[in-house]
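Paired with chain B in one complex and with chain C in the other, chain A is shared by the two complexes that follow.
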Partner chain A sequence: MEGLGIQLAFYSFAAVTIGSALLATMAKKIVNSAFALMATFFGVAGIYGVLGSDFMAVTQIVVYVGGILILLCFGMLLTDRVPDEFRVRSPRRYVGASIAATLTFVGLAWAISGTAWARLPHITDGSAEALPTTALIGNALLTDYLLPFEFASIVLLVVLVGAARVARGGTR
Partner chain B sequence: MNPLLAQLTAAETDGWWAGFQAFFVAPENAWAVSLLLVLIVGKTIPGMVSLLVWVERRGAALLQDRLGPNRVGPFGILQSIADLVKFIFKEDVLPGHVNKPIFLLAPALAVIPPLVVLSFIPWGANVAIADVDTGILACFAFSSLHVYSVSLGGWASNSKYPLLGGVRAAAQMISYEIALGLSALSVFVIAGTLRLHDVVMFQTDGLTIAGTTYDALWARILDWNLFKQPLGAIIFLIAGFAETNRHPFDMPEAESELAAGYHTEFSSMKFALFFLGEYAAMIVMSSLFIVMYLGGWTFFGVENLLTDWVAEYGAANPGWINWPLIVEAHLHVGIFLGKLAFLLWFFIWVRWSLPRFRYDQLMSIGWKRLLPASLLWFALTAVGVALVR
Partner chain C sequence: MADITTSHYIVLSALIFAVGLFGVVTRKNTVIILMSLELMLNGTNLAFVAFSRHWGNLQGQVFTFFVIAVAAAEAAVALAIIIALNRVRKGVTLDEATELKG
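Here is the complex of A and B:
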C-alpha cells in the first residue's frame, strides 16, 4: 500500500464511511438515516476498491445501494406516515445494544487479526497494480465454495416462499 | 494504465513541445489523459442533450406533420440554448411543504449516475475513461441509482401527484431491471467476459461455426450480438425504454394522469437537471446497447483502416504522442456516435408513434412476458454455449 494517493483515498473513504455511519445511527429522521446509509455503502465500496477488490466494490453497490436501500426507500414511500421521532430511548435498549455492539466488535477484531492479509498476489510481490478478481471469484465459487454458494440460494428461496406466505395473509 | 498510453514510451527531447508530449506519454501521468477524457465527455454530454432535445421536438413535429421550433437560429437549432437561458433566469421556487435536503439532492441524483456510467463506456479501441474489468456490472450498479432521484424526488415534494409518480417510477424501474439484467447476462455468457472492451472485440473476431472461422462480410455482419442474441437484444431494448421512463413506458410522468409526475414541484434549473438526467440516461442506455449488441466502435472492418499507419508512426517516433492513434480514436468515436444517433432517433421515433401503456399493462408486460422470455432465452443461451464448447 505505497503512495500518497492510495493513502489519501483510503482515509477519505474511511472518513466517509465512519462519519455517515454515525449520522445514520444518530439522525432523528429516518429519511436522513437512509441517505447517510447510502454514503456508508459507497464508502465501504470505495475501501474495497482501494484494497484492490474491484468485484466486491461493484457488488457492494449493486446489492446494497441498488437493492437493499431501494427497498428501504420503497418502504418509506409506501408507508402512510413515517414517524419522524421513531427511536424509543430507554436504558434497557442501551444495554442490549452495547452487548450486541461489543460482540460484533470482538468478532470482527478476531476475524481481522486472524486473517493472513499478505496472501493476495499484488501485495506479496510488491507491485501496486491490482489484478482483476472477477474470474478468480467465479472459479472459487463454483469449485471450492460450491456448497455455501448453493446454500445461500436456498436461503433466498426460503425467504421468497416466506414473503409470499406473509403477503397472502395466512390461511391459503 | 490508460490504454491510450500503453503503446507509448517516455520522450528524451528538449523544448516545451517535447516536454508537453513527454508529459502525456509518461505512464505516471496517465491521470492527465483520463482527466482530459473526463472533461471532454463531461462537456460533450450536455451539448449532446441540448441537441437531442431539439431533434426530439423537430422530430415530433415531423412525425405529426407540423413545423416545430424553427425560429431561433437556422432550422431552430439554437432553441435549446434559448430554453437553457430561460431556465437559468426563471425563479427557483422552493415550496414550503417539501423536505428540503432531499428535495435539493434529488435533481443532482438524476444527473450523476448516468454521467458516472458514461465513464465506463468504451467509445473507441483506446478511448475509455475507465476500462474496468467489471465493466457491465459497474454500469448496471450505477445506472440502477437513477431510481433514487425519481422516487425520492417524488417523496420529498410532499404532495399527491409527485408521490404517485415516484412510487410508479420505483416499481417500474425495479421490475424492468430484472429483464434488463437477465438479457445482458446472456451476452456475457457467450462472450465469456464482463469487460466491455472485450465484449466489443468478441463481436469482431469473425464468426466461428463448427470450428471454422469465417471472415467474409456476411460473417462480420452476423458476428454482431444483435444476430447471435436476437431475442435478448429485443428484450434489452424494451426494458431499456422502461428503465429510461421513455414512451411507451413513461408512466411516472404521465401528464394526463399525474400532472408532471415526480418533477411537478421542481422549477427552473432543478427541473432542467431532471430533464438532463432523462436524456443522459437515454444516451447511456443506447451506448450500452451499441456496446453489447451493435459491435461498439466497429463497422465491418472500417475501424481497422488506420491500423498500419498507427503502427508505422509508433515505430518511427518512439516516445512521442502517436498522433495517428488519436486520428484513429476520432474514427472510432465517429462510428460510435453514428450508431448512437440512429438509436437515439429510434427512441424519438417510438415516442411519437406509439400510445402509452396502462399501468397494469406495463406491470404484466414486465413480469409475465419479459421476465419469463429473458429467463428462457438465458437458459437456451447457456445450453447452446455448452453444446458448442
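Here is the complex of A and C:
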C-alpha cells in the first residue's frame, strides 16, 4: 500500500504546515512565532520530500531554517523592546484581513479545482522523472541556467555588503 | 481518501499563501510581517515544485532555487532596514516608519 503511505505523509505534513503557519501569524510573543515558523519550514520541506524533490527539501531546510530563520531571530533579539502582542486593536482591521485572506484562498481554490490538470498538454522533457534530482539540478544550473546562477551569486554578494552598510548606520 | 493529485499540492500552497497574507495585513511588528512574507514565498515555491513534478520538467525546481536565493537576499536587506529603523525610532512597528510622510 504505497498510496496510503503517501496520503498519510501528505496529510500529516500539511496539517503541521498549516497549523504552525496559523500559530506563527497569530502567536502572542515573537519567539513563539519564530518557533512556529521553524515547524512550518520543516513541514514544507516534508511536502517537498513527498513530492519526490529531495534537493529542494534539503535546500529548504538549510536555507530557511539554517539561514533566514536565524537572521529573523537576530532581528528579533536586536530590536524587541516593546513586546508585540497579537492584540485586536481594531476589530475592523482583523475582520477585513480575514475576509481578504479567505477571499484570496477561495478564489485560488476555485480556479485550481476548476482546472483539469490531467488533461492539460504535457510539456515534459523527461528531465525530472528520475531520482535523485540533485545531479540533474546541478547539471541544469551549470549549463542552461549558468548566467542566472552566476548573477544570483553577485546579487547575494552585493546585498550582504549593502545590508552590513545599512545596518551599521551613519558615517562614523 | 482520494489519491494525492497535483490539485492537492496547489490548494495547500494557496492555503499557505493566504495565511501569510493574513499575517502581513494584521500584524504591526515588522519582524513578524517579514516572517509572514517568507510564508507567502514558501507557498509559491510549493506550487512551483508541484508543477515541476506534474509535468516531469526540471524548470520549476530550478526557479524555486532562484526564488530561495532572492528570499535570502530580501531577508538580509529587510533586517538591515529594521535595525536601522530601530536605531532611529526606538521601535519596529509599522507606525514608527512615517519618515517619508514629511
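General remarks:
The criterion applied here is as follows: the second predicted complex is superposed on the first by the 114 of 172 C-alpha atoms of A that agree within 3 Å, B and C clash if a C-alpha of one lies under 4 Å from a C-alpha of the other, contacts with A are read in each partner's own complex, and residues count from 1 in each chain.
One rule holds in what follows: a residue touches a chain if its C-beta (ideal position, glycine included) is under 8 Å from a C-beta of that chain, and two chains touch if they have at least 3 such contacts.
Predicted model only: the values in this text are computed from it and were never measured.
Legend: residue contacts after superposition of the two complexes on their common chain; A:A24 is shown touching chain C, with no touch to chain B.
In the superposed pair of complexes, A:V16 makes contact with neither chain B nor chain C. When the two complexes are overlaid on their common chain A, residue A:I6 makes contact with chain C while staying clear of chain B.
Legend: residue contacts after superposition of the two complexes on their common chain; A:A39 is shown touching neither chain B nor chain C.
Of the two partners chain B and chain C, more chain A residues are in touch with C.
In the overlay built on the shared chain, the residue A:G66 is in contact with chain B alone; chain C does not reach it. Legend: residue contacts after superposition of the two complexes on their common chain; A:D54 is shown touching chain B, with no touch to chain C. In the overlay built on the shared chain, the residue A:L78 is in contact with chain B and with chain C. The residues of chain A shared by its contacts with chain B and with chain C are 55, 59, 74, 76, 78, 133.
Those residues of chain B that touch chain A in the shared complex are 99, 101-102, 105, 132-134, 137-138, 140-142, 144-145, 147-148, 151-152, 154-155, 163, 166-167, 170-171, 174, 194-195. Interface residues of chain A, counted against chain C in their complex, comprise 3, 6-7, 10-11, 14, 17-18, 21-22, 24-26, 30, 33-34, 37, 40-41, 44, 47-48, 50-53, 55-56, 59-60, 63-64, 67-68, 71-72, 74-76, 78-82, 84, 86, 93-94, 96-98, 100-102, 104-105, 108-109, 112-113, 115, 117-118, 122-129, 133, 136-137, 140-141, 145, 148, 152, 155-156, 159-160, 162-167, 169. By the touch rule above, chain C contacts chain A in their complex via residues 1, 3-12, 14-23, 25-29, 31-32, 34-36, 38-39, 42, 45-46, 49-50, 52-58, 61-62, 64-66, 68-73, 75-77, 79-84, 86-87, 90-93. Considering their complex, residues 31-32, 35, 38, 54-55, 58-59, 61-62, 65-66, 70, 73-74, 76-78, 132-134 of chain A touch chain B.
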